[in-house]
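First the structure, then my questions, so here it is.
When the chains are written out, they are named A, B, C, D and E in that same order, and each has its own residue count from 1.
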Amino acid sequence: MKPLLEIESLRAGYGAINVLWDVSLTVEAGKTTVIVGPNGAGKTTLLRAVMGLIPVEGGDIRVDGASRRGAKTWDTVASGIVMIPEGRMIFPDMTVEDNLMMGAFPRGCRRDWKRNKEMVFEMFPRLVERRHQIAGTLSGGEAQMLAIGRGLMEQPRVCLIDEPSLGLAPVVVDEIFRILGRLRDQGMTIVLVEQNTSRALKIADQVYLMQSGKVVMSERGDRVDLDRLHALYFAHETAA
Amino acid sequence: MKAVVLIAVLALAYVGVPLVFGGNAYILGLIVAALTIAGVSVAWALLGNLGGMVSFGHAAFFGVGSYVSAVLAMKLGVPVFAAMVLGGVGAAVASVATMPALRLKGPYFALAMLAYAHIFQILATEMTPVTGGAGGLLSIPRFPTVMGVEFGEKTGGYLIVLTIVVLAALAYDAIRRSAWGLALKAMHDTEQATRVVGVPSTHLKAAMLVLSAFITGVVGAFNAHFISFLQPDYAFASTWTVLPIAAAIFGGYRTVWGPVVGSLAIYLLDQLVFKELMPHGHQLVLGALLCVMILFSPGGLMPLLVRRRRRKKEGVQAHAHA
Amino acid sequence: MFELILQALFSGVLAGGYYATVAVGLALVFGTMRVINLAHGELVLLAAYIAYAAESRYGMNPVAAIPFALLIVGATSAAIYGLLSRIEEDREINSLILTFGIGIILTNAILMIWAADIHSTTDAWFQDSMVIADTLFAMRAEVVFFVGGLALMAGVYWWLNHSWQGRAVRALSSNRNAAKLMGVNPRQTEVLSFLLAALLATFAGIAIYTGKTIFPALGHVMTVKAFIITVLAGLGSIPGVLVGALMIGVIESLTVTFFSASLQELAGMILFLVVLFVSPSGLFGGRKALAR
Amino acid sequence: MLTLEGVQVRFGGVQALKSASFSVAEGETIGLVGPNGAGKTTLFNVISGVVKPTEGRLEFRGRSLLTLPEWKRARLGIGRSFQIPRPLGHCTVRENLIVAQRFGAGTVDPERIDEILDILNLAGKADRDATTELALTEHKALEVGKALATNPSLLLLDEVLAGLETNSKRAFMERLAAVRERFRLAMVVIEHDIPTVTALCPRVLVLNFGQIIADGTPDAVFRDPEVIRSYTGEAAA
Amino acid sequence: KEFLLGSELPLTGNLARVGQGMHEGIAVAIEMANRAYAGKHSFKVSTIDDETNPAKAVAAVERLIGDGAVALTGGYGSNIIGPASEAAQKAGVVYITSGGVTPELTARGYPTFFRINNSEGYAKAMIGLLEDMGVKKVSVVYLNKDATTNLAKQVQSALSAKGVTVGMHEFDAATSDFKPLLNKVKLQDRSEAIAMVGYENDYVGILRAAKVLKPQVKAVVGVWSLATAQMAKEFPDLMENVYGTSMLPYPVEFTQPEALEFAAEYKKLFNKEPDYLGQFGYVQTRLLIDAIVRAEEAGTLAKGGLADELRRTDAQTLIGRVTFDAKGDNTNFSHRMGQHQTGKVVLVWPKDAANGAMRFPGVPW
């Protein structure tokens, strides 16, 4: 199958601090790609670079074979690649409902916003109660749900998700993974960054392990062994 | 190294400037006016940079300081130097009345101070028996001659205002280096977070407000005795707020000496150069200068100077190694 | 007595309408970029002077001059945006100085082009008396622009709260990176609201030119007043601007009626402080995130 | 050492806490769990003084806290972290800790600061700008650091372990436990990861809709059907 | 011999407009003096903008003196003239003005300070006109600045002494809507005349409000900056029948040769009819120049004889006879009142200067 998203020798970081060192990975259409790795490995940074939130210093990002290096975030979004950031990235001064509606901002999504909103409310009933609340006053977990719901309003082709389970109650984490599974079944391409490795591996088609800004392992999902993976984390840590 | 530069500059200011410009009342007058602005500018930056409170009403303290001092000297015969300090105290007391505004943040605080400035101005206009009303006070006592130095004259006035500005800047620097300074810096956008680690943020802010008001009041009092005239319109004029702010940011309000450098640069450039080139619309050039500065050196003039110097120094070192 | 109070209230409301039309553009820009445009009053004044030029040179009706004024004010506003968007560090403070500098430039340019004289429309239609129910007197321009201003404000309010672009404007000011992730093009969106602010400024300028007198120093005066009202409103709130402006207008006119006209500023300022001390983020700005 | 009784908080129409009562003994470690939006963070806000309760009693070592401002509570020995990290503005990581130590503990002890940096794995980032140059988990670590630097006797940790990868989480917990022993700290830990809670806390409180619905050992609490239904879900059971 | 005169004026800032007006008069005086003394002496003026700011006015004075100005002419606004003339006094240099009328300026008794007009002269004219009208109830609407308050109080006490009921209404410079104030005049005072003391935009605001509310008054009277060609041109609908102080009618009907020359020169330089600001600026400067020449010829100029020479002035000028008392005030000064009549300004008070009849009662609406 032809890769949908290809990242080749990507270098990126924050000003003088470089974080990603020649990261290469491919994401195939309709598959779920899971990226794991210790804290500070550069997973979030990678997603940011793909979205054009931080400048790319070297290497290339290709979508459907065409280079998107240096593309503007909003153009990337318009082409159907969407990132669901962690819960701090909501619009704190707007209501929950307005936050969700912003998810439907890309032109193609506006038509269906009502239906999508109902869908999100169904996934996270908690948000229904809070629909008129200013998002900045939500609890941490509620904000996380909002960020996820808002991202799904964008009807993405490719969805990059950064630690969706962060700060959520176990029941809700279950729900999140159910939803991810369902989306995968519906054919959505998913790139998932997650610390809850055991849960993530269950839905992974392909797994990448990142460490200190590099990809140190790439494996098909069904071949990854959890213990071996954790051993790898550890091995690196002692070596460092 | 830094101390050496400072001492050299101060020596130049205290000895060189009077020697060179002593005979030129015009130039010296301009320098005094620039330093007057610099005094307010330092006080404003102290509150703005350390306290994180941008005020649009420093004219309030300037005006109160000048009126308190002038009235004390004129009506109660208080010696002028003592009156000047009491002017500062008066402004500090007035700042207590503005303390409810400490609850406010950002532009809310800024404009609340502007409202106070307006209110004080109107009070000064209405309290005719004490302040002379709209007509104001003419022939305010000048600084006396002490040990042969005529403080009432240009050079004497220059020495006074220079001393005020230097003391203010040194006080600012001392606070900035202290633990208080660090806590104040930490407070800016995250006051709540500093409070839960034990910082009594409101007290610190109040202290900065009082200090800033005091300095501004002393400068206002100096100005009243120096130009020997007061009127509500003038004492509380928005220029006493606007110019120091522009100067502070122009010079670099996050540095201690930036406001001083900025005031001297803006005022003297405007009056000596731009006015010469364009007698009528010279402020236009000033406006353009402000814009250009912000766009090309957002940290102000001071960082620009320091950066330049540092780069040179690095160059020298590289040479030495080679 | 009754008549006196009634007229005072009426005049106050109309005056408030003026304040609101000037302030609303400032509030919009603040809502968009968290930037206080200290040149906003000067933009209003610029529009007024263009109307003056059109009327005195070509005998044009001030209202007919709106398109020309809009063109120039819009271009100026867009230029201001262009400069503002280049500021990266310390945006809040630095933008103050930048727009303040632009304000100085505009004021002095106006002074140089049109001199310091005061001007106002010579078209008596605008200044004719309108009498309502035999007791309320107003200048026609006041009523016309009050109604027009309300309509315009309602439009802006609707746009901000219910249109996709308007929502994008708010999102952008709330969290810039997140807005980009929603597919918002920041430049395009911000330019749009600066142009809208220019439209509001133009409208206010024509209103001022037809109902009041203009002179170069007026720009700064209007900026300060608009700023005060914007803050009173709760930064970025359009209904707040209207309510705040009306409050100021009415309290000023009541002070004139029952005390003295020289105390009206005092009354306005005290009202301002009282509102802030009761509600530290203005009339309509009270909704802020708490700690977590 | 800490006693809450009938604490109630409402925000407009939202009742975030309805009559919450419990106490914490010296040196005790308590896990605080509950569904999202149950009021856990609000509870911390009440204890640390960030939010004023609408009703209720709040005592620390026999002294009512209600009238004390946040900074006085901090000086009494209540340290807390924020769920959404709040690094002190324009300061480096080290400066954050210096401010907390100087004002919260009233001492100047650079060695202790180095020790805290070590415990939290922040030594390498000590001179970074804390507001803009840290990753989320580093921010969370700094939250703990600020609280520790005030020399607390009661430490309130709000989801500081969330987002840590399994190994680091374990390592972090071990270090926390060591700190707890050394300084005889009492701790209340909000955490959604049940194994973590079980490992760290001998006692667990479950909050739901602003009320404490269960209080006991982890084993007992996580078997409670009400807790399973509202919080842990079948999967974890 | 060439003489340098200094002039410090507000060319920007709040008073820019009036400063410009005086500036024009000074320029005309210099032109005319150069012609009159051609071959013997020549004059130059160096003007510095004080930006409507006292400190900058002081700096300007010092600068001008430093540059060698023999005397200073100009200044506008009593509050700015105060410190500026003090700086001149310190340097022992003559300062002559027509821009500051408050009594406090001359009360200081500076030997170097001179002015050709004063508050009393304006008050006299306003009071005289109102008395001639025979109105019994007057509302005085005045700006809360020093010069304006002073004048308003003088009018009040003089009229009250004559048994006229006077309603006093103070306003602030920030006032832009005068309707509430005028409504008080209309419904509470029910007066027969409105006396305004302020500046141009205040007058326009007051008249606009009056035009809307239409109080039952018989006359609207103001002082400076009102009965001018400029106002007639800019606000034709507001000015009709309004009175203001004016030395000369408009269009100017000059009879004296000096006045004719002045008008011609003004027209040549600025392409407009001279207004009162120009007239005052001209007169003060011309008197100064004449005194300089006298002092020069007497050989006392360098020895500080200019002030004495000025004090000896006794001249018939565009604004009437001018002499100076010990404190530098022109005690002869009495203004005249003009009325806007169909685009012209007709002098209506005092009788002997009048060139037309007063339209009374008459208001702009």
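By definition in this document, a contact is a pair of C-beta atoms (placed from the backbone, for glycine too) under 8 Å apart; a residue touches a chain by one contact, two chains touch by 3 or more.
This structure is a prediction, so every number in the text was calculated from the model and none was measured.
More C-beta pairs touch across one of B-E and C-E than the other; that pair is C-E. In terms of the distance between Cα centroids, chain C is separated most widely from D. Farthest from chain A, judged by the mean position of CA atoms in each chain, is E. Annotation: 47 Å between the Cα-based centres of chain C and chain D.
Between the CA-based centres of chain B and chain C the separation comes to 31 Å, rounded to the whole angstrom.
Rounded to a whole number, the gap between the C-alpha centres of chain A and chain C is 43 angstrom.
Per-chain CA centroids place chain A at a distance of 76 Å from chain E. Those residues of chain D in touch with two or more other chains are numbered 11, 41, 50, 82-84, 86, 158.
Contact of a single residue of chain C with at least two other chains is seen at positions 108, 111, 262-263, 265, 290-292.
Looking at chain A, one finds that residues 137, 139-140 touch two or more other chains. Chain C meets chain E in the complex at residues 3-4, 7-8, 11-12, 14-15, 18, 108, 111, 115-120, 122, 124, 127, 129, 137-139, 212-213, 215-217, 221, 252-254, 256-257, 260-265.
Those residues of chain C that touch chain B in the complex are listed here as 36, 83, 86-90, 92-94, 96-98, 100-105, 107-109, 111-112, 224, 227-228, 231, 235, 262-263, 265-266, 269-270, 272-273, 276-277, 280-282, 291. Within the complex formed with chain C, the residues of chain A that make contact are 51-53, 72-74, 77-78, 82-83, 85, 89-94, 98, 101-103, 105-106, 110, 134, 136-137, 139-140, 150, 154.
The residues of chain E lying in touch with chain C in their complex are 12-14, 16-17, 19-20, 144, 169-172, 174-181, 183-184, 187-188, 200-201, 204-205, 208, 211-214, 230, 234-237, 365. Of all the residues in chain B, the ones that touch chain D in their complex are 179, 182-183, 185-190, 192-202.
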